[in-house]
Amino acid sequence: MSRLMLEQANAIIAAAFGQGAEQGCKPLSIAVLDAGGHLIAFQRQDNSSTLRPHIATAKASGALALGVSSRKIAEMAAERPTFVASLGPISANGVVPAAGGVIIVDADGHAIGAVGATGDTSENDELCVLAGIAAAGLLPQK
Amino acid sequence: MSRLMLEQANAIIAAAFGQGAEQGCKPLSIAVLDAGGHLIAFQRQDNSSTLRPHIATAKASGALALGVSSRKIAEMAAERPTFVASLGPISANGVVPAAGGVIIVDADGHAIGAVGATGDTSENDELCVLAGIAAAGLLPQK
Amino acid sequence: MSRLMLEQANAIIAAAFGQGAEQGCKPLSIAVLDAGGHLIAFQRQDNSSTLRPHIATAKASGALALGVSSRKIAEMAAERPTFVASLGPISANGVVPAAGGVIIVDADGHAIGAVGATGDTSENDELCVLAGIAAAGLLPQK
Amino acid sequence: MSRLMLEQANAIIAAAFGQGAEQGCKPLSIAVLDAGGHLIAFQRQDNSSTLRPHIATAKASGALALGVSSRKIAEMAAERPTFVASLGPISANGVVPAAGGVIIVDADGHAIGAVGATGDTSENDELCVLAGIAAAGLLPQK
């Protein structure tokens, strides 16, 4: 399997929203991107603020851009803030250093896409993403 | 009614995809934006090219930017090409002068959002958008 | 009430300038945006520097982008500087983490716009904004 | 006299809106810029679309950028479309080649600012701008 399908992307978002509802999260925005960083599906729950589409997309595309989760990018940013800050302006969708952006891999460990979530704490955003990926029968990058 | 809800946005996309399937359209990409031009929901069907998210969004946000459908913007572009070309660089999401971007209005005629579609001919893109808006019980701007 | 009108925007600016004069503030620049982050009215007092229009707008649009006042964004920036810094490049008008950007809400707590001020200290900028919103009979987000 | 004051900018907008009301124009958006192309005052009438602030500003700043009215830039664009199109991306606020952007000059013919209007036809936009400049006791560039 080498490509993420729209049906899978929609399943990821539905399950991530379900997880968010179960945990009592604030309204979430979730973006699912293909391996090239291009949007497949996005949904923003009611009463979310206006930058959420960009933050969700940037968490996911930043992860693809650097090959690690946005949680690891946050750790990189703590150690090398100016390096990470320099990447935003040269990345088409920006790079947001906060948990909630996770790469999806195939059985060989190759990236086939990424998911980004925003709206609650970064910790909860990431939990919802991981629940969504698992519910769709897919694998997050370790 | 003054705001477009996620449930409505998803209903628009589902019905527009249904219309596309019925007409035998190529894979479609559809974006639903709020009145301020911010994404509520987006879906890109399998085997679509990478710029589709931006084209769908730009058709819808260009309509909101100028207050008329992207079909009318295409007519403006035929008469005044340099004027319309000058708007892309000053509009956050660009302005795409081709049918398929339609404003949704409330009972008073005020914009509450917009839908943009791309993938087939502009004519068909617009037909799918109009079918989606109607199926969700909403009104396109006349 | 679901939309901010030009008459209200002008009233906000007039009252905010009145507050600034009373407190002996330096020349102020004040922007009033609709819920989507688009400018309704702006005024820059004589002898203000050239970036003031952008700072005033970015305080207000940053507040709408994240759903909290620019004072809270300043607090977020103190805790997570690289996260907040990453948002500027992906936000159409930027995000300025300093008090003086306040969301206006309707009776249900939904954003109907925002006001941003710059020119004096951030504390005073915010006081003038709050005075302006109150004088126009509107509600700031708590 | 070498500087445009906020009081004058507000007078220009008020008189231009008055002219628009008299002629039955659609809702107008009017920007007044200083000689450096930086916003002094802006107002957008109710029920205007979202790109109006940028179009009004770009008509005025394009005029200052090239030293002629946006009506003349439209004539240049008819003769040399690719040249004029190339200027938008390198100009901070863009260049919109359509009448409605007029430079204000002092007694020596030096630019002290510019006004840009959008919302009705370019012809009417410009008539409102000229009425506003005259009402404020100022001179448009010939």
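Note that the chains take the letters A, B, C and D in the order they are written out, and that residue 1 is the start of every chain.
We adopt the following convention: a contact is a pair of C-beta atoms (placed from the backbone, for glycine too) under 8 Å apart; a residue touches a chain by one contact, two chains touch by 3 or more.
Since the model is a prediction, treat every value here as computed from it, not as a measurement.
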| item | value |
| --- | --- |
| Intersection of contact partners for subunit B and subunit D | C |
| Computed distance of Cα centres, subunit D from subunit A, in Å | 43 |
| For subunit B paired with subunit C, centre-to-centre distance based on mean C-alpha positions, whole Å | 31 |
| CA centroid of subunit C to CA centroid of subunit D, Å | 25 |
| Sites on subunit B at which at least two other chains make contact | 3, 36-38, 110 |
| Chains that touch, pairwise | A-B, A-C, B-C, B-D, C-D |
| Subunit B-facing residues of subunit C, complex | 2-3, 34-38, 92, 110 |
| Of subunit B, residues touching subunit D in the complex | 36-37, 64-67, 80-83, 85-91, 95, 110-111 |
| Subunit D residues touching subunit C - in the complex, by the definition given at the top | 3, 5-6, 9-10, 34, 36, 38-46, 50, 53 |
| Contacting residues of subunit D [partner subunit B, same complex] | 47-51, 54-55, 58, 74, 77-78, 81, 84-85, 88-89, 93-98 |
